[in-house]
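Here is the structure we will look at, set down as structure tokens.
Labels run A, B, C and D following the written order; every chain starts at residue 1.
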């Protein structure tokens, strides 16, 4: 990793979590990016190889605390913010005020909602940086590519919601499905729950079993409501249940929909195929085939399949992505590429690793 | 395992598969049962400990081929039939003709459908033993206890369908949910797919990932249609998608329903709680709590939870059981206990093994 | 679980960990035992079903803190002590002083070493209850059955050390192997590391990989030194490396030994077979066969295999047990049965659960 | 994947197995290589995306049978041969006879042994291509880099043996360890066993457990004997036991050695550090630290750690690599790079994927 004057200067805030380490994995192979700053408050002073031994062979900046960073002096081209909820608002506000030329791609949920009232309702408090909430662009590239190119602050979408939106939004836009009868049953790998030491995330609590959580009231729903309502041009409220599966990576969403009058399940498949025909990171399988989460592991790909339900007029749409890549850090690098003017696929060409 | 003249004589046909070995695990601890016959055509002549080393410390009959058995001479009190589809019809027909006093609990799908036309439609051929198809009693104890007590031939229900029925049937009977808007998203451990050597069931194909299969046309749907329609008193056709999870045991079904007019989600919970108040093997969790498949592992228990969806009038019901126990062999022993006049819980008192 | 006046009164101290829950799983099916006390300091006031939902269908005492227990009034017949290191010494000392008729089976390492100097060396401090350290009997039943019958305080052996001793001790006693060339490579399931919320025990840190830990200095070595030296009649110091495998249960030890002059590998097998011929919980496989940890899962069995190394005069001995059963709680119930005069196998007849 | 006239033309023979798919994964990102031929006899006529859905987004040659290939016309620059034992000898012989300018990197064991007698002893028959057996260069780059550069036929080393050699060979060469007291206890992920549909490789047979296999007589030993004897300058025969762990990828070898007189464990660490100081794909951890297999997953790295045993003069060396990358296909691409004159690390810069 020889330093190159031509490379952009990148910081990763919150590098000791899984989305942080995944950003480092991807950026180490990005030909235009140089990691010049890594923060992790509780691990400040340690080397990245101590926190994530897979980086042992690489030279990387020593971890520092966020408070110790002089944003102006750091002069980052772009900062990835992979911090917990709420902390983020303060940090982004501080960073963008002191270093207004630095761009920010935020992986938390803090800037995803446009509506201050919706934010307050779901999170139980006023937003701490309402100015930047307005400025933020929702970073699902396949939907907002042009806005992202011009954005200074991008709110990287959630993993569950990315997976669901990539399958459902084109169908709502095409008015091909009934917005009132959408059921989304989602299954996530354990990395989606982060790296905090909690009893319920121990290997022996999680392996060899399956369960739902946050039934009826998961916060990701606010993001789905916003984006689906925009796509449909009316209020949409779906049924959504997240589950944890005994695997590290992957989200698979099984989505039950009813075709609108005059539309067939084949029309749904055609609409998705057309929508994604030129997209590098979304692949629609042949009609009737459905995807497996393991076949996108480690890659920035989303696979989507459409099959007929046996009930006339109903379809089952299944989409899958790697929650740490297209569902988080890969999506973030895709946003970075647009924000900094690189080809969109740079550094994201990894082929999925199966098995 | 000293032989006791008072014990009933039990045969397990198809002992080299997982439902077969699970029957042996349970029967070895059943105080009234003695295993006197084990068949496994491809492993005939071998000891059970060669096929399943966990039985090394136990004395068990040598495996024999089915054709070599003289049913009359065997004089079994009860035979468990854990054979592949179609083979079963011939074997059961032969056995019951030659040894009409032997009772049979069949774990295949062959005798579950009452309607010969429905059978022919789903399986693509006429039933080979229509006489016994009519005689067979559907063996979901919580629904058909009295009939099972008097039955000679019991069709043990499927694992997916047991899990779904235990949650949905009481709600249909109580007319508490709309029969036209039921979505059942089911996840099964790999033992549900059996012990055949297939590429798609290899460890490296299955671990670290998730997928749906049989989307829109799984054969278990015939069984659901029959039982749900009987419960509702009208035709019911649900949306059902089976998935495979990277775990050995367990089925968890996430069921999306709409309450009928005047019924609340709390009413649904009350209906289930009342239905199962005296059942030893079905446990309804407190309102709002949902179960994990790992907490019933190895036991004959079903756990059911009911939670509110955020959409008014909609509920999410989650049920879970061990596909090899309550979903197959434990259910079969429960049927045996009724058929032979033992207390229903005999030999089924295992506490779930977690972790 | 109807109360019966004839049952012995049992307490489980430290019921919120995995050895605690495993004791409860076994005791619930023990026909002579009644659980009358469950302690868990951090979960005091909660129900066991909250801490371990698999017990939801069972009536069990509410969890209390240890300090709140009046040992005299509790009048336990036997207390299982499944507490962390050091805490144990204080609690056992207090309990046996106040309720001298209560018997104690301690699952910690605190009373396993006979030598106060060895204890101080390995644990870095003087023993806090030296009087009871002397009284304690080492609870590996197959080696000390008679002493255990008369003991008031039994030190239940460690999981790694049980697995290794059952394979090696008879060979040392028979002077069949060279005590100076023993290499023990052990692999344990994650439950062996307990239920504490630590980052390195999270599912995503542990699954899909393998590693050694405590290389060269694991505390279990003190216990091995003591027991192997007693068996050999001279000082023995083995090479021992523990590893963690991505599975819940099971220890498998691959043991490399050299036969003493005049002894063949077949002699080693014969020595083990003879030693265990009447033991209900140790099964020696036919010569050349080696065991798999999954085939003893959930049972109190140990499987041992002996195979020739290709180097003349060297053998590979492999032993396996379930770390939570024969390696901890099953062994403890086996000790309880002896201490209270029940048949040794009572409540321990579970057949291994595979798959 | 636009075709480029400057790229070398590569064939993968046996593309439907895991080493085949891993070659495709790596080659798709190799800037100088173009895959022009994929063979898979049983899947001939199918698309690669049917056999391995992770390749769905990529254009790749349709699978053909080996017999249908005209080697001369194919004019491959290099063929990777990932075929089963014995088949390989015939195919390589045929290929090199008809297309003598094509280079071959063979991933099977067929050309690894130099000695025709050793081959016949371990495999039970004469070698079918003795001429090429002599020509073949053993492809462990770190040991034979110069020979590999000039080779036409390279025998890619085995996964277990690569892992063991990288740790042990430098120590034997430095005469730092006693060649008569080496114990190698190896643990492999399931992909090492290939993709054949065998009962013992099913998910439910493999998950949640651990076992040794081929105890005392695994064929990989022939390769270890050859290379260790060459390194030591005398006959070396180690104790070696392979195990299967419930994980997809990774080999971890725990190696027990005795230092030669005058050498300390620190000297061993120093010898390894010096040997690998400039190697891009071998990383020696700081003294006393030991590696985890998950931290090299998906990368071409080997991590090696050295720790003191508590027995004076004894050390524990642990090495780990990804069996499909450095243990097979990554090693093969590294060989290809040397054979075709590319920089050695081209296409192998993937950072390990953890978690």
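The rule is simple: a contact is a pair of C-beta atoms (placed from the backbone, for glycine too) under 8 Å apart; a residue touches a chain by one contact, two chains touch by 3 or more.
Everything numeric in this text was worked out from a predicted model, so none of it was measured.
Q: Write down the chain pair with more C-beta contact pairs when A-B is set against B-D.
A: A-B is joined by more C-beta pairs in contact.
Q: For chain A and chain D, let me know how many angstrom lie between their CA-based centres, rounded off.
A: 36
Q: So what's the Cα centroid distance for chain A and chain B, whole Å?
A: Comparing mean C-alpha positions, chain B is 40 Å from chain A.
Q: Averaging over Cα atoms per chain, report the distance between chain B and chain D in Å.
A: It comes to 46 Å between the two C-alpha centres.
Q: Out of chain B, which residues touch more than one other chain, so two or more?
A: Residues 18, 191, 204-205, 207-208, 246-249, 291-292, 294-295, 297, 354-355.
Q: Based on which chains touch which, is the overall arrangement a line, ring, star, complete graph, or other?
A: complete
Q: Quick one: in the complex, what on chain C touches chain D?
A: Where chain C meets chain D, its residues are 181, 183, 185, 187, 204-205, 207-213, 215-217, 221, 237, 239, 241, 243, 245-250, 252, 254, 256, 290-295, 297, 305, 307-311, 314, 316, 318, 320, 354-355.
Q: Residue numbers of chain A touching chain C in their complex, please.
A: Listed in rising order, the residues of chain A that touch chain C are 18, 189-191, 195, 197-199, 201-208, 246-248.
Q: Show which residues of chain A lie in contact with chain D when the two form their complex.
A: 18, 21, 24-25, 28-29, 52-58, 191, 207-208, 248-249, 283, 285, 291-292, 294-299, 301, 303, 349-355
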